[in-house]
Amino acid sequence: MLTPQIIDAAVAAALREDAPWGDATSEAVIPAGATATARLVARESGVFSGGEVFAAAMRLTDPAIETALTLDDGEFFSIGKVLAEVSGPARSVLTAERVALNFTQRMSGIATLTARYVGAVNGTRARIVDTRKTTPGLRPFERHAVVSGGGHNHRYSLSDAVLVKDNHLAVLTAGGLSVTEALREVRARIGHTVHLEVEVDRLDQIEHVLAAGVDTIMLDNFTVDELREGVALVHDRANVEASGGVTLDTVRAIAETGVDLISVGALTHSARALDLGLDVVLRG
Amino acid sequence: MLTPQIIDAAVAAALREDAPWGDATSEAVIPAGATATARLVARESGVFSGGEVFAAAMRLTDPAIETALTLDDGEFFSIGKVLAEVSGPARSVLTAERVALNFTQRMSGIATLTARYVGAVNGTRARIVDTRKTTPGLRPFERHAVVSGGGHNHRYSLSDAVLVKDNHLAVLTAGGLSVTEALREVRARIGHTVHLEVEVDRLDQIEHVLAAGVDTIMLDNFTVDELREGVALVHDRANVEASGGVTLDTVRAIAETGVDLISVGALTHSARALDLGLDVVLRG
Amino acid sequence: MLTPQIIDAAVAAALREDAPWGDATSEAVIPAGATATARLVARESGVFSGGEVFAAAMRLTDPAIETALTLDDGEFFSIGKVLAEVSGPARSVLTAERVALNFTQRMSGIATLTARYVGAVNGTRARIVDTRKTTPGLRPFERHAVVSGGGHNHRYSLSDAVLVKDNHLAVLTAGGLSVTEALREVRARIGHTVHLEVEVDRLDQIEHVLAAGVDTIMLDNFTVDELREGVALVHDRANVEASGGVTLDTVRAIAETGVDLISVGALTHSARALDLGLDVVLRG
Amino acid sequence: MLTPQIIDAAVAAALREDAPWGDATSEAVIPAGATATARLVARESGVFSGGEVFAAAMRLTDPAIETALTLDDGEFFSIGKVLAEVSGPARSVLTAERVALNFTQRMSGIATLTARYVGAVNGTRARIVDTRKTTPGLRPFERHAVVSGGGHNHRYSLSDAVLVKDNHLAVLTAGGLSVTEALREVRARIGHTVHLEVEVDRLDQIEHVLAAGVDTIMLDNFTVDELREGVALVHDRANVEASGGVTLDTVRAIAETGVDLISVGALTHSARALDLGLDVVLRG
Amino acid sequence: MLTPQIIDAAVAAALREDAPWGDATSEAVIPAGATATARLVARESGVFSGGEVFAAAMRLTDPAIETALTLDDGEFFSIGKVLAEVSGPARSVLTAERVALNFTQRMSGIATLTARYVGAVNGTRARIVDTRKTTPGLRPFERHAVVSGGGHNHRYSLSDAVLVKDNHLAVLTAGGLSVTEALREVRARIGHTVHLEVEVDRLDQIEHVLAAGVDTIMLDNFTVDELREGVALVHDRANVEASGGVTLDTVRAIAETGVDLISVGALTHSARALDLGLDVVLRG
Amino acid sequence: MLTPQIIDAAVAAALREDAPWGDATSEAVIPAGATATARLVARESGVFSGGEVFAAAMRLTDPAIETALTLDDGEFFSIGKVLAEVSGPARSVLTAERVALNFTQRMSGIATLTARYVGAVNGTRARIVDTRKTTPGLRPFERHAVVSGGGHNHRYSLSDAVLVKDNHLAVLTAGGLSVTEALREVRARIGHTVHLEVEVDRLDQIEHVLAAGVDTIMLDNFTVDELREGVALVHDRANVEASGGVTLDTVRAIAETGVDLISVGALTHSARALDLGLDVVLRG
């Protein structure tokens, strides 16, 4: 999902943002011929994500920088671990540093938070999935980080799946159609590869929705007891997604209701950056 | 700083990211002629930021959407407050919703966190300032949000100010120059409008740095006692910036040492999104 | 699917391609103040598609051009029918003419060809669907034209659905896994909204594929008798798609086998442009 | 004309269109280390065009893919001929396949159709030339394909030549100028490198147009007899272009009238894709 | 030639260059509600060019700015003349000022210099034409300015005309072809709308070149006497262009030799900016 | 400041501008296998600037071209000096020639003019600095050329420094604030790294401005005597910049008044291109 083309476009834009007309400090302070080695070091433990992005920030700043990644995305690391080693022209390494860190810290932060959720539901059938509550411009990076942390992805965008919510249903049935009829019409309109998910607020809606043959049913803001009852009602006729206000404290109980999917907006909208640093050694 | 051009470019890119070939749900579910009104509602209290960005997400999705902002950026709001009102074609309002929220929730999250830091140093001379630890691609938005929260901005990028760190100094003085001589050479090389800031780790470096005539001196990872001593040594010959591991718990004590600037990376790299929602009412 | 943003970007690029530094003829020949009216006229009968694109070519050349569309996309028209009326500055109308026609003729050509296929399967359960054999850069336009002609869309791209072909299966089962096991692993790896389609070449593969719980099974280059047998075997446990060498001569028999989907590459890769012309009247 | 820059820009855009966030199938199905070889094979005979474009689709997807072209653009091939050989990472080869084929099939389709027209006029002085009725965004590719088929190019765009049509002439002479005077004024206004072509509908217009010193005269929708008479009237004082409704059935007779140029819109607006396929062999 | 699309793209880029993250002065100094009027005033006399570009710089900075142009491009003005009047939000007018002036001063400088050359050849048949020695990125603006000054344009680019120079001829004839034969082959290869110009260094080359039927012959670095002799030899069989080291001192004598075209690189590569200023009146 | 990214983006755009659909001459005249060597030769003496840009024009046209630079930017050269040597495919060298020269001639022209100003103030404390009167789109190139000539850069853009002019001051003090108070408010509003410069027209303004603690004071259109008096008044409390109508005739006297900075708009807005040529040798 995180293709070289996607990485390079976003990293190049970030480098232009951070040095629109060059790095004044490096140019004024560092001799043109100086070289540097640097280590990406974990200042706290976590799950790694963004290795290729880190390397791209170095390479796009200066093809003369060599980057060796020590971990694959998705691997756990302890405090003090060296995650990557870099060597090349000193000016360039210093110019690339902040952008490389900004990506990797954010992605590893998301991966680490995701891994905590995934760990919390261990042994259940529930997948931890992301949402569209991503940082504008960084969706493929954040979705990749969720996968690094052991999570799964929900739909990518508004274009590739249909998600019918309650106020949609109200409009659909305003003319007298039943919920089932209305959803069958939706299914008839959309492409056969377009996933059809429907959100319900109450247990009594479930049967009407299932009768239309949907792919996933989202139980929104259900209590744990309601979720358990919902799962029983669906009885494997569709995927069941729990959604709404999920936290690390509540996710285990939700998973144990037997739902297939638990979507967590906080994975991407509220993960904090992981503390990674670049230890640079300059040589004249 | 947050010009219409900057807003429109980033919002248009985010809209393309979230609906690369249209909104499958709106097209399949909502009648073409349906209209909607919607309210941006605070689900928790905070400081508003991103009003113009919210409006741009609506307008760039469909010029027929009208958006009325109820607050200016920088204003405090309580839970339940209506921050903006929207009306227009239902399909378009629903298509724009997530992108509009993704920007505004993030920006208001940063503004709200900044305001807490600013409040904590109230009555001191210290400015709370941001860093370059921003989300790739969103720097002007996040700097704007810091200002909404009552903070100030540090340099924008590597291009517009020089910040000399300890390993820079090591390189500069490797050939036998003193720190003062080396910094004077840096000053002579850079443009007269380029701000010169130097980072020091120890109190005994301060006098050598000041002798070169720098604009700002950064005291990195100093204790509160060292900071107080540093401020006395500088004695208003340069701005004094405290940096390193600042938290809401420590920021007041740091400010009371008399420093001019306290830089806080967490403002942008670890603010969580504020909980804002869009309450939509569809009309057939 | 064909959003204003998509239309405007492609049309603006086409206008730049066709007049990179202006329209030498209009500038040299037509007085600056001259006006024109023009009619988009059908020189043969067909199904209309691309009305909004036609209007955008006029508007993006010159906002002073007014365009009134007489038909909606998807409507049938006879030879001689006026499909749109245009009025505005003569120079601009002439500059926009060719790009406007190039889009609309191509799209209406695809819609018209699609309508012939759709008509041929009338009364069966089969959908006529497109493929990824589209013109580079014009996929959303060509998919829209297929819908104008009464067809449906297959997956948009490689990103939004999985289609496992025979040589994929060979790789998947190289290590000793059965086809069913291998496909279950694929299903476990992909997002729950990602459609899973599998192509088979022989009837005996069907049961193994279905056992893994796929969404669609593609019967590739099956005879009509084999298709009928395949439909019976699947027995509504997945969508059945017929694919390979479908023509107007064979499509009816294929549809009558009971397949759900018939994919036709020729809809987009080999439709000819429909003969539409712009009758322009200049006024000094 | 088809420069590396033009090829790379259009191919990169097509690859983004076909895999906006990666190739879900390759990622889920093909092991990261698997390799593939593939052959581009002719499923029908024709004239090759687009070899460099095919190679670029492979290279831009993954620089690790090697492509060896077996034919040059413009060469004829028989059914079963191997046109190119590819080897590299299996995931990447499969990701690139469809875009590579979409370009090459279309370009070879145009080259093959052009070659039939060129063959039909063999031995006459007539050039087969293209028009501006090209696919939006692909003009340089389609013009290149016309040359591959032995045809020649007409003007590239509205910017680089003037083509005065009958309704232009009406405007030009509305104020009382004769056709000859009006065209002389046009000539005086335009740059000396700008080709001046004038379209006429009737034989009696020819002398007036020639008197102004035009470069090419287009005889639009003339019968074969009228064309022969027109060629005699022009008597080598300008290029003579025949235009309008030319088909493979009529082109020979038109060419034998002695015209210099025969423009054929169908070369680009209605050529069907040639049937080329990629035979892929995957290796674990 | 200077289309709205070309103007807007270049002006928007220039505005981004001059205010990448806003106008720090206007934001800090000017109240948000302040308005301004401003006059574009000639501080020296000259020929106006770039009026629409000036207006676009204002409009693209802020649609609320109104600009009224007092002169058309190509008109002469005296010192002190008001060339345009502007009114709108004060911050925006000040933000747009420099970019608006940078374009208009440069374009008017070129127009004014061109007008001096054109005036110098008044009454002869010679056109003053530009070259490809333009500022990278600004070719259409500079060509437009040449036309504003009464000059004409040479070919736009390498793509739209062929210019064969002496070292080309050496290569063409290396295999034993005569110059005439070689040029006939070139003519046969290129499109019929592509202008064919050939550069010669000596009088004895002229007949060989003309025998091939070229459109323009360039007499490069000829003396005035040689030019006169060259014109006689050509005898209206092609356009004659004088080229090389033309100055205001020599251009009249060159024109009087009877050449059709005099190309002057200095028009675009060495024109100085005309002194135009913006007199701004701010209102609280 | 002139990063590889900036160079490549502008050079690629210039190459597209100069050969939007290829080089018609090279394609028609030069055999595909021909090679060329070429020398960049000084036809007049000067200061070199743009070596890397020249090399990029060659490389981006064709990676097979090798370029060896003989001089570094900033070095003086005499007439006849070979500045660079090029070898590679003949078609590509000829295609790249004009763009390579257009950049290098312009940049070396600016460097050479700057060096004359810098030489004229030799031995004084004055820096020669540029302005924002640069060519739209080429600012980093022109600023780099100024540095090549021994000059220094003023602020890059409106975003990175504040420059308060007289009409700004009028607005600021309209409400009754003194100049000093008003400027203190500006200082309080802007970031601590933002340079604050204030323009004054009269000597009596200086003390009020200095009292607010500005970084640079600009003495605009002062006589030499006034400048000398101004320098004395400022007494090293801020940088002193002389501005307005500076010429090579007046710059020495201005420098001898003791000012720190002399800004010269003519460096960039009115430098003529230096006469550099490419001597090409083609080989069949």
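Letters A, B, C, D, E and F mark the chains in the order given here, with residues in each chain numbered from 1 onward.
Quick note on the criterion: a contact is a pair of C-beta atoms (placed from the backbone, for glycine too) under 8 Å apart; a residue touches a chain by one contact, two chains touch by 3 or more.
The model shown is predicted, which means the values in this text are computed figures rather than measured ones.
Path length between subunit C and subunit D in the touching-chain graph (shortest route): 1. At the far end from subunit E, in terms of centres built from Cα atoms, lies A. Most remote chain with respect to subunit C, judged by CA-atom centres, is F. Between subunit A and subunit F the centroid-to-centroid distance comes to 45 Å (mean Cα coordinates, whole Å).
Between the Cα centres of subunit D and subunit E there is a gap of 32 Å.
In subunit F, the residues that touch at least two other chains are 1, 19-22, 24, 139, 156, 159-161, 194.
An unclassified topology is adopted by the chain contact network, corresponding to no line, ring, star or complete arrangement. By the contact rule set out at the top, the touching chain pairs are A-B, A-C, A-D, A-F, B-C, B-E, B-F, C-D, C-E, D-E, D-F, E-F. Contact residues on subunit D toward subunit A in their complex (touch as defined above): 12, 15-16, 19, 21-22, 24, 27, 60, 62. Chain contact summary for the complex, subunit B toward subunit A: residues 10-11, 13-14, 17-26, 28-31, 34, 90, 95, 98-99, 101-103, 105-106, 109, 132-139, 157-164, 167-168, 170-172, 174-175, 186, 189-190, 194, 266, 269-270, 272-273, 280-282, 284. Subunit C contributes residues 1, 127, 129, 152-156, 159-161, 191-195, 197, 215-216, 239, 260-261 to its touches with subunit A in the complex.
Looking at the complex, you find that subunit C touches subunit B at residues 1-6, 139-140, 143, 156.
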